[in-house]
Amino acid sequence: MTSIGFIGLGIMGSPMAAHLVDAGHQVTGYDVSAEAVQRLAASGGRGAARVAEAVAGADVVITMLPNHPHVEEVVLGDGGVLANADSGTLLIDMSTIRPETSIAVAEAAAERGIRVLDAPVSGGEAGAKQASLSIMVGGEEADFASARPLFEVVGRTIAHVGPHGAGQVVKAANQLLVGGIYGLVGEAIVLMEASGVDAKTGLDVLAGGLAANRILDLKRETMVAREFTPGFRIDLHHKDMGIALAAARAADVSLPLTGLVAQLVAAGRAMGYGSLDHSALLKVTEQLSGRPTP
Amino acid sequence: MTSIGFIGLGIMGSPMAAHLVDAGHQVTGYDVSAEAVQRLAASGGRGAARVAEAVAGADVVITMLPNHPHVEEVVLGDGGVLANADSGTLLIDMSTIRPETSIAVAEAAAERGIRVLDAPVSGGEAGAKQASLSIMVGGEEADFASARPLFEVVGRTIAHVGPHGAGQVVKAANQLLVGGIYGLVGEAIVLMEASGVDAKTGLDVLAGGLAANRILDLKRETMVAREFTPGFRIDLHHKDMGIALAAARAADVSLPLTGLVAQLVAAGRAMGYGSLDHSALLKVTEQLSGRPTP
Amino acid sequence: MTSIGFIGLGIMGSPMAAHLVDAGHQVTGYDVSAEAVQRLAASGGRGAARVAEAVAGADVVITMLPNHPHVEEVVLGDGGVLANADSGTLLIDMSTIRPETSIAVAEAAAERGIRVLDAPVSGGEAGAKQASLSIMVGGEEADFASARPLFEVVGRTIAHVGPHGAGQVVKAANQLLVGGIYGLVGEAIVLMEASGVDAKTGLDVLAGGLAANRILDLKRETMVAREFTPGFRIDLHHKDMGIALAAARAADVSLPLTGLVAQLVAAGRAMGYGSLDHSALLKVTEQLSGRPTP
Amino acid sequence: MTSIGFIGLGIMGSPMAAHLVDAGHQVTGYDVSAEAVQRLAASGGRGAARVAEAVAGADVVITMLPNHPHVEEVVLGDGGVLANADSGTLLIDMSTIRPETSIAVAEAAAERGIRVLDAPVSGGEAGAKQASLSIMVGGEEADFASARPLFEVVGRTIAHVGPHGAGQVVKAANQLLVGGIYGLVGEAIVLMEASGVDAKTGLDVLAGGLAANRILDLKRETMVAREFTPGFRIDLHHKDMGIALAAARAADVSLPLTGLVAQLVAAGRAMGYGSLDHSALLKVTEQLSGRPTP
């Protein structure tokens, strides 16, 4: 049994914390939503009224927060994790944020004897509920080894991919690839439809060859039918494309396709499709081609 | 048994014609290379010295040519297919060319009572040798039905996708998707490597999630190892991106990612990687990021 | 006085032919529109009923046609210029077409002893009327020298820029630059407006610094006011971006910005703005940013 | 005479502070480089050993710093401007930073009764030395009016363009336009050279028409000659493209060309051209087209 402070009980954090409780760990949770805290308490965890209270005496602190400013505040701020955790604590930040923030957090934590892993996930709400997340972990090998049993409670594909920030980089790579493939599939659909081709049949052929990909497998029917219930919202993918560009900048590389995909996702959001599934990137291509569907 | 005139006995056409011979058809072949013609004759087919000779008396004429100017010359030119084929002949053009040429050929053929299918393939040399090609067919449903037994001799995934030119459009969609995914995988690799991430492990994680695709499955190890033996050459993919852009223009659609992918593939060729496998698009991203490998 | 056959009496060709008449040359004109031919005849030229008639006995033949298929038909076709012009004739093609067609025309003409210049223009309808066109000329130096007096009748900036096709290349370079600057100015306007900046004042500042350009000088007020009366239509610029991409392909270069600009111009056309001025590229950026104006 | 605290005496700040001294103002300067401080003291200003000392008793504080983290530290940090300036002070931040930081600074300052203008400049080192900068100012109209006499000491084109952050937005618009035009001119040059066109003559024609722009006027000869002495370094333009993308994100707009230009500038830096003039963006296009020059 591990004593865990869990900060951030939202759509992702809430089911993850519940799985940890079910696995027999002592989980003390905090969230800005008192209701989320009560839900955890009701299901066998403990509720905390402040970050400090969740962190006090914990062996492991897990954070699952929306973006880097929240991580900076919760971890580095007054009354935050570093100010309250014991030396020797392991902080696992499972938020998806810029690699450079993960690195900065790890450096600040090291000064206080606190070890850190960045461990963003993919798989979305469904993955969190089904404990089938992919987890990409950056940090020290020994820390990864000690955290592994906890990761196995919430995830299925679990990999240590490099030093501090490396988990975020792999997550960024995942998101640029997913965003790009959505964009390309959207262009393929618009081209076929505008050319009088049966898109459904055409995509079936594509899915049987070198162009095959999981997005075609899972989403081609809903895309052709223009059903865009999330899933993973364009607004969130927009945030993640910002992280991918920040990662590219930090690594001093040039990623032209990623740069363009980021602007197309931004268009999806700006056009008002932010709360639709990211497959709605198709709607941007439709608009560009003068073929809007209602 | 069908009497087939087969024009274009190159890397693709040669094994395809041989499979048709093996299936019991009478195949009379022509190619600009006398050696290729002799090879067919040696393996049970008949050699022709001119297009007219291959076409004379054939029930079906199959063309497998490099690009649209060759199709225009062989089909529409003096001494070509239309000038020599009997009315009622079925012309199956399996070349990968612009949809608009396929449509123009079908119109010109109709005036002479000749039926046409455009039936480009994917699967490359290996697919041609193993008779496992994907075949995307445009044209009349009845013509597709009558050609189907021949397609089954050389291919595995066979689909009628729409009217004249539709086969070319689906092939174009396939190639823009394949080119784009190569570009995105290349950007993911460069980002990870430049960030100190173990790219091999990172790609394994990506291949287990929503970013999964056949290119990652088949090529991630060779890409990380910088092995670029073709496979399908960048020069050919460059030709195909030109077709995709022409198809977009003909359909009056805007495909920004395709437009950029086309320029990156053009860069691969211009940089001198034209005879490498199209996975060598990775080398363009490397150069752009100041990280060339030998 | 030169005897000139002039083929293509449209918006551009008509005033150009009239200037040549006024300058004392004997101009025999042909166009598919009989009305255009009559207009030339009424203003001192001669009308021809066929290409052959316009070409017969001419020292110089000028063609001013919409695109490369028209040039191929009028120059290379049966009953065309090459079939009817005397050996020694100088053919000046002032159409804007692909460099490779200009080169092919020059080669075909050489076989018949006919000299050719490619001499596309910029400056639009106003430039044609005011005889203030810029003329970019490819071909032999001696031919350029002999044609110069005619160019000076219709143009102001006149330059010999290289061998056959070079005029088209420079025109293509002009159009990619113009299209790209429109796109960039559009992005600057949308960024400023969406940020609460007074775009008019902001553009005034930009026009005073390193970003200064003629498009800002001439069009920033109408762009901010959303007045898009042509001028030069998006449909024509779309054609020209196709030429720029064909020129890049022929030269084996990679032009990523040009590739993207081409798709944005294609979007302008697909969205229904084809008959608006090319400054309406701003409307594409507006749509992408969810800020359409009526 | 105004009492001015001037923080940031680098390549830009140093000559600007000197002009203010020459105009009769009392300038107390601080920089991390003691040498820069001594230089100011030697030329009639006063040197300060800390930010607090420069700010104490000043009517106006001017900051001219490399990027937003420096502004955050110097203005918002312990011992910074806000902690030491008197209520009623006017803070003029002339650094080029993200609009959102300018807005955050203005909000934090307002709580302490300190007024703020964001006033980034363009014109580079030469403009600073010659007191001919363009200055784009965001903030309150009244504050702009009171600062105007100081702006006139160092600049020539001076404009109030909107609320807090608006100066930064206009600067970002300037930089995206300048970066984009360099990229387009580079593509035009590579296309012409690879096509056998005399680029010098071709650019002369372009500079005479609708494609005319100041970059062509000032830089076409050095670009054709491959002389890339800065001027304004690619490294700095890379920083500025990051600001442009951040501004687009904050304004919720989609700027595809800007997104691509940012990656091409990033390529320039990654390829090792960071200390060359930004016109060296040409070298990126050369590399992409397999035509590197030494």
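Lettered A, B, C and D in written order, each chain numbered from 1.
Methods note: contacts are C-beta pairs under 8 Å (C-beta built on N, C-alpha and C of every residue); 3 or more make two chains touch, one makes a residue touch a chain.
A quick map from chain label to UniProt name: A, B, C, D = 2-hydroxy-3-oxopropionate reductase.
Computed from a predicted model, the values in this text were never measured in an experiment.
Visitor: Is the number of contacting C-beta pairs greater for C-D or for A-C?
Guide: Looking at contacts between chains, C-D has the larger number.
Visitor: As a test of understanding: of all chains, whose mean C-alpha position lies farthest from that of chain B?
Guide: The chain lying farthest from chain B is D.
Visitor: Which whole number of Å gives the spacing of the CA centres of chain C and chain D?
Guide: 38
Visitor: Just curious, how far off is chain D from chain A if you go by their C-alpha centres, in Å?
Guide: About 35 Å separates the centre of chain A from that of chain D.
Visitor: Let me have the rounded angstrom distance from the C-alpha centre of chain A over to the C-alpha centre of chain C, please.
Guide: 51
Visitor: Identify all positions of chain B at which a residue touches two or more other chains, and write them in rising order.
Guide: Within chain B, the residues that touch at least two other chains are 248, 252-256, 258, 260, 263-264, 267, 270, 288-291.
Visitor: Would you identify the shape of the chain contact graph, picking one of line, ring, star, complete or other?
Guide: complete
Visitor: Looking at the complex, which residues from chain C come into contact with chain D?
Guide: Contacts found on chain C: 99, 122-123, 134, 136, 138, 157, 159-163, 165-166, 169-170, 172-174, 176-178, 180-181, 183-185, 187-188, 190-192, 194-198, 201-202, 204-206, 208-215, 218, 244, 247-248, 250-258, 260-261, 264, 285, 288-291.
Visitor: Across the complex, what residues on chain C touch chain B?
Guide: Against chain B, chain C makes touches at 242, 245, 248-249, 252-256, 258-260, 262-264, 266-267, 269-270.
Visitor: Per the contact definition, I'd like the list of chain B residues that touch chain D in the complex.
Guide: Result: residues 256, 260, 263, 267, 270-272, 284, 287-291 of chain B touch chain D.
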